[in-house]
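Shown below is the structure under consideration.
Labels for the chains are A, B and C, by order of writing; each one numbers its residues from 1.
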């Protein structure tokens, strides 16, 4: 009854590059990164323009992509597992187009997968787009700040109140420009890079089903891809259960 | 790597009012109520006309709503978490319209969320509506009794046989009228009351997807809402795992 | 607060007949069968033409159905729980038509449920059908062999690399004919045999949702059925967690 296959014991050493999303900075991945390193993997978490220390509200998706590509090439990183969360999915797509030979696999974790020529806003229900446009106008500097109620109910639905408030207190306004940029992704869809989709199943940011959502709506655009699931929401599970997120990223990334 | 937020340790004390659904009475919530009280919360479980001790088959949705509202106002309950299961979702909607100032949050647990002017029957596949109409006619007194096979396979699919039989043995015919009443819900959709949807993912009562179902089909009508999920079916998980249901209700209800 | 129902303690003794799917043989069920027997159940795992020891590439669905029916009648098996996985779902449908009096319940585990007159290929996205036709033509003997990448990402997505490779190394080309046969299933849909659908939720073989997939797309064709869910993929979870699969099959099968 026993199997004649060698157990890997997860000894495969992977090189992760983790790309955070909107209303976030590199600290999004802090705990997950620590867990992955404890498991023996190498982890890089680039900050990108318009986020973290840089508060340029007029950053473009192209500038972000170039910065991430430069981060990877300047360190001569190879065979990388390029992971994107949320808006970071579009950066995975565009960066893979720039430096495909350095990328071993794309992993999308509740991340946008845009079709060629689409904008991120195209993936949102019209009332959300309208709300984002109003918030942009109200900002006076082309940024969007999420109201606390919306954040608490849909980005951090699994958090307790104090964690939701803590996460919100560290949140900065997001540059609005990249949400409305049409992306040229014709090359992405012809790349031979293997793809995985890690779906955290209690994410409330996008409608689940009925023409929207992370999975299966956007994941199916990847064609042949590896599906991994775990319970989790958009913003808080990486803080409350980073060990789970790390194990699932490895399931998504391994050979 | 540690967080600088105060853990709530779930010390927030919540006031639950739990509304059962069709083919049920207040005993539906018995074990869940005990678990919530053990966790330090206050719990009220009103019985309503046409159910429990009252077997009036001609009860109306308006009578039920008034009875629940009276139950709450006569006890001067405030800041309540108004939870509805199944048909109880419509009572949450209509009661919130009557006494919005007493309601802190609406929680729908595999519960109907009707659009303004709809009937509950509008949410069911046509063959189910047809079967319910025939059962109503066969009853001779405007009630519907579920056949055991249908109950066992779709309402108590996770139960073992003896539990399914026990639950069925306690079930009474359901007044048919409220299933076919058009509800005026125009006020509900303009109320500022926060909303949560607790989705028990193995519920077989409604088709899951393809235009029907608890989530996302009905939950999305809530607009911005907090999504919580747990494994469970429609009628038996509150009996076999009330601790899980209680914990998830708290996740749905807390600030 | 305690229930007045007799716990079954799963002492009900069930007679399972387990039907494997394409690119598989009876060894698919080996570990699950051992777990079910350990729980006290009786298990039969028929091999069928074109699979296992028999490599006839021109086998028909009718020949497979007759072989399974003969296996059951020659042993005089009664009150059987007829379980099908994947392509095995169609065999459950057609065998139940032949010998309905011997079948106590049908259980579909991520299995095809065809409508009357459909082919299995009708359930697949057009690009997959096209790929299968090309693989059939390339085979020279009317069979289809899955490329490793497709198998690894979509049939064994939860496996580690060594297990995926081991499973692939034992895989034989699948006779293509039965995938393109229209099945007469008019009798199946009028049989009074109870039905269950066990859905392993991380199966990547079919698109999940948007008009395709095991559940709810195909499961809903069963009408009234018992839904059971478990985490798992198409081919590897029966090897890595056969105890879970066995427990869930019992939940699907019991009275």
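The definition used in the following text is that a contact is a pair of C-beta atoms (placed from the backbone, for glycine too) under 8 Å apart; a residue touches a chain by one contact, two chains touch by 3 or more.
The shown structure was predicted, so the numbers you read here are calculated from the model rather than taken from an experiment.
K.L.:
Taking all residue numbers at the chain A to chain C contact, is the shared part over half or under half, that is, same or different?
P.N.:
Result for this pair: different.
K.L.:
I'd like the angle of the rotation relating chain B and chain C after CA superposition, in degrees, nearest 5.
P.N.:
Fitting chain B to chain C on C-alpha atoms yields 120 degrees.
K.L.:
Using the average of all C-alpha atoms in each chain as its centre, how far is it in Å between chain A and chain C?
P.N.:
35
K.L.:
Mind pulling the residue numbers of chain C that touch at least two other chains?
P.N.:
209
K.L.:
Which stretch or stretches of chain A touch chain B in the complex?
P.N.:
Chain A residues touching chain B: 30-31, 34, 149-150, 152-154, 157-158, 160-163, 165-166, 201-204, 207-210, 213, 231, 239.
K.L.:
Note which residues of chain C are touching chain B in the complex, please.
P.N.:
My answer: residues 1, 3-8, 10, 12, 194, 196, 209, 215-217, 220, 224-229, 251, 254-255.
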